[in-house]
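Once you've had a glance at the structure underneath, I'll fire off some questions.
Note that the chains take the letters A, B, C and D in the order they are written out, and that residue 1 is the start of every chain.
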Amino acid sequence: MGDPLTQVNALATSEAPKKEVSTGAKVLAWMADNGIFVLTAVLIAVAVIGVEGFASLQNIADVFHRAAPIGIVAVGMTFVVISGNYLDLSVVAQVATSAVILIAVSNEYGYVPAILAAMVAAAVFGIVNGVAVGYFKANAVIVTLSTTYIGLGLLRFFSGGSIFFGPYESPLASFGAGKLGPVPYSALVLVAMTVLLGLLLSRTNFGFTVRSFGVNERATRLGGTNTGLVIIGAFLVTAFSAMIAGFVLAAFSNTAVSSMSTGYDFRALAAIIVGGTSVFGGKGSVPRTLLGVVFVSVLTNVLVLLNISFGYQQMALGFLIATAVSIDALARRAGKK
Amino acid sequence: MRKSRLVLAPAAMLAAAALVLTGCATEDASTGSSDSGSSDSSGDTGGDTGGDDTLKVYALLPQGNDQPYGTTYLPPMQAKAAELGIELTITNSEYDGDKQASECEIAVADSETDGIILWPAIADSIRPCLEAANAAGIPVWITNADVNPEDTGLTYGYSGTDSYGQGAASAEMMCEFAAGAEIGIIQINGLTGNSVASLRGAGFRETVASECPNVTILAEQPGNWNKDESQIAASEMLTAVGVENVQGMYAADDSMVAGGIAALEARGLAVEDFIITSIGNTFLGNPLVIDGKLDGTVFQSSGWDGENAVIGIYRALTGDTSLGRDDDGSVLYMPNPKVTIDNATDPSVAPEW
Amino acid sequence: MSQTQTIQLGTRTTGLWSKLKVTIARRTEGRGVALLSAVLIGVLLTEQTVFTAYSVTLSRIALVGLVALGLTVVILMGELDLSVASTLALAGVVTASIPDLGLGILAGLAVGVVVGLVNAFLVAVIGINSFIATLGMLFFLRGLALVISNEAPIKLNNVEAGIAFGQPLLGPITPRILVFILVFIGLQIFIARIRVGREFLAVGGNRQAARDAGIPVKRRIFTGFIISGVVAAGAGVMNTLERTAADPIAGSTVLLASFAAAIIGGNYLKGGRGSVVGTLIGAASLGIIQVALTLAAVQVPIQQIFIGLLLLVAVTTDPNNLRAVISSIRTLRTGRGKVVEPATSNRSTSS
Amino acid sequence: MSTPVIEARNVVKAFGGAKAVDDVSVAVEAGDIHAVVGENGAGKSTLMRILSGIETLDSGAVLVDGRVIENSAKASLEAGISLVHQELSLIPEMTVAENILLGSFPTTAGVTRKAEMKRIAAETLKEIGVDVDLDERISRLSVALRQFVEIARAVARKPKVLILDEPTASLTPAETDYLLNMLKRLADQGLAIIYISHRIPEVFRICNKVTVLRDGQRVFVSEIAKTKPDQVINEMVGRELQLDLQSRRDANPGEVVLSAKGIKAPGVSDVSLEVRAGEIVGLGGLVGAGRTELVRAIIGADNRTAGRVILNSQGKKRVISGYMSAIRAGVAYVPEERRVDGLAMTMAVFENIYLPNRRELGAAGIMRSGKMLSFALELANKVGLRPPQVKLEAGQYSGGNQQKIVIAKWLGRRPSFVVLDEPTRGVDVGAKAEIHKLVKELADQGTAVLVVSSDLPELLELADVIHVMRDGKITGTLAASEADEKSVMSLAAGEKLVEA
């Protein structure tokens, strides 16, 4: 019997994959998978040449500062997205909570209790989200929306909206201001998280089940997987990344306030999507998310350097998401023909 | 399976309701305000008890425990209300004009409402609320940010700051310190689209343009009231216009100016060499003034603001002031002393938030 | 004959009670109804003012629900529209920035059409997942609104007309409420009785099958996005009129609220299952609870906690979900087999 | 010789290089039932999709009544071609009536006329003799009923040509029997029918012409009268194939491996059964008799409301309560719905095989790709996956190969008890034989095997003992020796069918 591809293509049902295709289509297909690399490279090249001061060490540090907290959230949230659960809106509450806890508690009792408290909070967020989505099979968007309300509500009820700030001279503050060459520590944390979570997703059984769940939930369960635990795991990873992001943010600004992470939910998702992770689940990777974060941060940075007003910045971001995915979609289509 | 559903939801509902009640209880304990929540509901269930001696006032605010200012604005307000026997119902529209309008409808529709304290989320869109309140004969006292001139006739009075004026005051200090020298500055604004942010921004921009054309605003970006975002924005603006061209900086509040200063320090620049002004004189800003890093800020007293809102509506309810603000005392401007290193330690300007 | 019986196996419903049960089983709004009745009971016990001041409650429901109604038709097709809130803001800004009110309103609605067209184009023609496409639009349109409005609220040129628009026509019925009711009836008929709308269910339930059956799927997708765009724009225009000004960052609370309403109402995010009635029920539950909490002077953070818990309960008390929980828990158990709760002795209808 | 109602002339269709349909011509006249047979991937389904305008053709033409028709779904429908899909293509949340008239709702000014719709639907169902509540949602119907609604939809369009693609795949013998009679009736009324099936006996029972496709090409066409089943099968497979359908292995059952007592579950009322080492137990019965429900309840994939299951493997007796514990204890489950429950289609073969074996392969939860690949390759060869390229996506293989992958991933665990639910549904003849061979080997190696099948010959070939189920109960148990199609059927259908 012949080459299986012929058979697939003949199968009326399976959306036939296209392997034997013209070189032109190959190029397009390559573009589809790597378009974001190209875009990022082009953007950076243009910026280096065209935008004065972009290449300066200080500015590179600023880009890193932009990328770090949102990036750490995004690499974590990639797990939830790949598991096919859209996104985790509650990172907004999670980041603020951990930042406030870190500074408020450490001012009173020192860092250890503060970090422990933050970890407890993160664990609670992750487990509540995970149980509701994984075991109760509830819709992730609404679950995390409700935990956002609950989280912020509790945070504001107990902390009020007051600004908490640490002493001028503190390990936290010096970490927040610290740099390795032009690279702030926060960016190093982001890279570390990317490597760590990247390996977790691509090289461990847990990561494997997260991806497999994103592709086919029932087959994964019947393959002998406790899918509930897998989802809880995905949300825990997100929650702990959000916690780290909160720490980084608190260290950087040496202040914390319950409103400091507004907009992190969709900004993180935007980065993940621009990176090329599919919201249908299954397809995607952590390094890609990092790339998406870099792209978005560089873009914002360039627009600010050009003194372009906030409105245009938002338009640019939106336009970019649309174009990036359009190219991707069109290329895939061409790849099929 | 229908059964399981129909049984479960109410059960969960009860649990949730229980939580809210405990919530109210804790609220009373924590804020020490008159037992608004519970008495209110019991009042409704058991016919019309209460209400005669206590005045019921709705405070329609665009912020509360979600913002530093609101957080310190509320307690004095509640304390004063308790003292004057006013029962406060506080709402927070989170600067969503539509939400506030709907809250206003609720306040007007509530038969027990005696008066309304209104802090406009968006001054331009508050007219219908005022007209509705008047139609229902409910006096409205404006707090913190005033309504447009053409609408003042619909209110009993105003107490609070003048956001535009604060921007202007900050600008005046900037001009004074610049002392005629040709300098370039960068400007950090509040949350884009937020009315306080745009008023302060306009106040600063226009005053600088008229008072001291020698001061040039080289770049503007929003800092969204956040220190971290302001620090990045400031640093990027410095890169954009070139540090050597910048001799000063203005930020619409102290958290953001702190970010701006951090940006300068991060570049190892001597902050003292820059002319920096701001608004707020908060716990964050005041020390910076004392350290000589922040040259001037405008004191805004959240305590004064909250307290006088209640005093104002009380006077309206007791007939001391009437519709249209034509009698004296119907407009109380918050004293906005300029705070510099000379008076920063003065108890009269001790930071409140 | 005999074969007919063989084939008929398992689908006989006789007797009024079982017929009734079947009819209920066929509906998708169960959870919404449960939540709504729970809310109503709770409110009746604590805060009747909600009902005495029903005009307010109505307009709050209209505020929360209108966008959700438009969103529902898109969700039924298995697509999402994250751009509704930005559309609302942009439409308002456009309306206010045009001196002539009539023209402004038309322009505002036109915004909705255009946004719908663009969304549909990205989804149906280019073939982007709607979640992403409309996410892009969410940012783009918000930015555009800020640019047009120069980042500050725009006052309506003709304030009186705006205020007049806010006044009740008869009884508690303000124009907004009227529009809300009309949109609801219109969409309900559209989905239940009109061929085009009915086919939305097919597009969402089994797209390939819909295509094979000769249904113009792309055209349906365009129709759907235009509907949701126009409804959102309409909401924006009405807000602008009622408030006599347009706020470029309006609708911050709209997006998530409307999704919550639609999903509480039993609409299935992957499409093909749900109803406009359900969305109405969901919106009513949310609107009423919000009004009640405000009247009860519950501190805002606690309101948030409460609404959050309510949502959580609403999404986790679906009987199918509960069955899933029980089986998952069984899956966890590795010890000796106990007898399972009879709660599951009634097979799930979805196969 | 009148002009054929429908004719495909030299149709060619390629997907990225590979030719799925290569210069194929078929002509069917009114009243004919023309069989198109071939292994999965031979191009049958693609050809049919081209005829019904769903798939575009690269070259060639489709003619109706001698006139070339435009290549679009709409044109084909209007020309009177209607296709009954292999994969059920109904709208879950729409009513039976709506589904039957999908795409052609009767309307006045855009408003659907419900009464009219129900009337037409009722008529059609009457015509094919199916009785089902018109307002019922499809999502609440059994697979068999859906298949008939599917057919009703095709018939409702008053077609000239009716194309059925594997219509009996999900039907029981009784239902199949009924369907075949129905088709004959329709043909006698002058309908031209194209009938696609793997089941050669069916073809020889009702068809009067047969066309065989292999690798996209037409390799054989003949009057049924002028050919024989073996010839057709050989043409299909393209190689001599010994399909000794009666070959029974002489089993020597060992000790009891699985014992299930008093199993109660949705659709299952108080069933007990035992499976011994080296024994193949068959579960026969009609669709909806509760066979799938039973096996899923036994292994804990679905909840049981009562009952106790004990698995005796490697000398240890374990109580099976949940699915996880079942897997750990050495149970393997090859599910009925391959695409939905069995495989992650867009994942590679080796990843699919890794899934149930990850704890053993990935020590400390770390994946080792080298190990994964070699392990997968070994199993792929064991089950005869063709070609054994474990890095290909599972979805790229044909149905038979996909089923082999599902079996392979479980073989890796050396299970002591294997459940196979409809192991060869929609699988071509060649793969079917290989899968049967695998199952027998398993048993010979002392594995306890439980097979659910609606395919009687399969059941008779494989099983040493056959339990027949009806309405959630076991209505009879037959030893391989005494079992034949009739005895099983009468137990399955109950006295109702005896005279049918």
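Assume a contact is a pair of C-beta atoms (placed from the backbone, for glycine too) under 8 Å apart; a residue touches a chain by one contact, two chains touch by 3 or more.
In this text the structure is predicted, and so the values were computed from the model without any measurement.
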Partner chains shared by subunit B and subunit D (touch criterion as defined above): A, C
What is the chain whose Cα centroid lies farthest from the Cα centroid of subunit C? D
Taking each chain's centre as the mean of its CA atoms, subunit A sits from subunit C at a distance in Å of 28
With chain centres defined as C-alpha means, what is the inter-centre distance between subunit C and subunit D in Å? 39
Distance from the mean Cα position of subunit D to that of subunit A, given in whole angstrom: 42
Mind checking the centre-to-centre distance between subunit A and subunit B? Centres are C-alpha means, answer in whole Å. 33
Going by residue number, subunit C touches two or more other chains at 25, 146, 151, 248, 299-302, 305-306, 309-310, 314, 318, 320, 322-323, 331-332, 346
Residues of subunit A touching at least two other chains: 152, 156-157, 221, 226, 309-311
Please output the residue numbers of subunit D that touch at least 2 other chains, ranges allowed. 85, 323-324, 328
Every pair of chains that touch: which are they? A-B, A-C, A-D, B-C, C-D
Residue positions on subunit B within touch of subunit C in the complex are 1-2, 4-6, 8-10, 12-13, 16-17, 19-20, 23-24, 27, 31, 36-37, 40-41, 44-45, 64-66, 88-92, 94-99, 101-103, 105-106, 109-111, 122-128, 131-132, 148, 192-195, 198
Contact footprint of subunit B on subunit C as seen in their complex: 21, 24-25, 30-31, 34-35, 37-39, 41-42, 45-49, 52-53, 55-56, 59-60, 63, 146, 149, 151-155, 159, 162-163, 166, 239, 242-245, 247-253, 291, 293-302, 305-306, 309-310, 313-314, 317-320, 322-323, 343, 346
Where on subunit B is subunit A touching in the complex? 23, 26, 63-68, 70-72, 192, 219-222, 224-228, 231-233, 235-242, 255, 258-259, 262, 265-267, 282-284, 353
Where on subunit C does subunit A make contact in their complex? 122, 126-129, 131-133, 135-147, 151, 248, 256, 259-260, 263-264, 269, 299-312, 314-316, 318, 320-322, 324-325, 328-329, 331-332
What residues on subunit A touch subunit D, complex-wise? 1-21, 25, 202-206, 208-209, 211-212, 215-216, 218-226, 282-283, 336
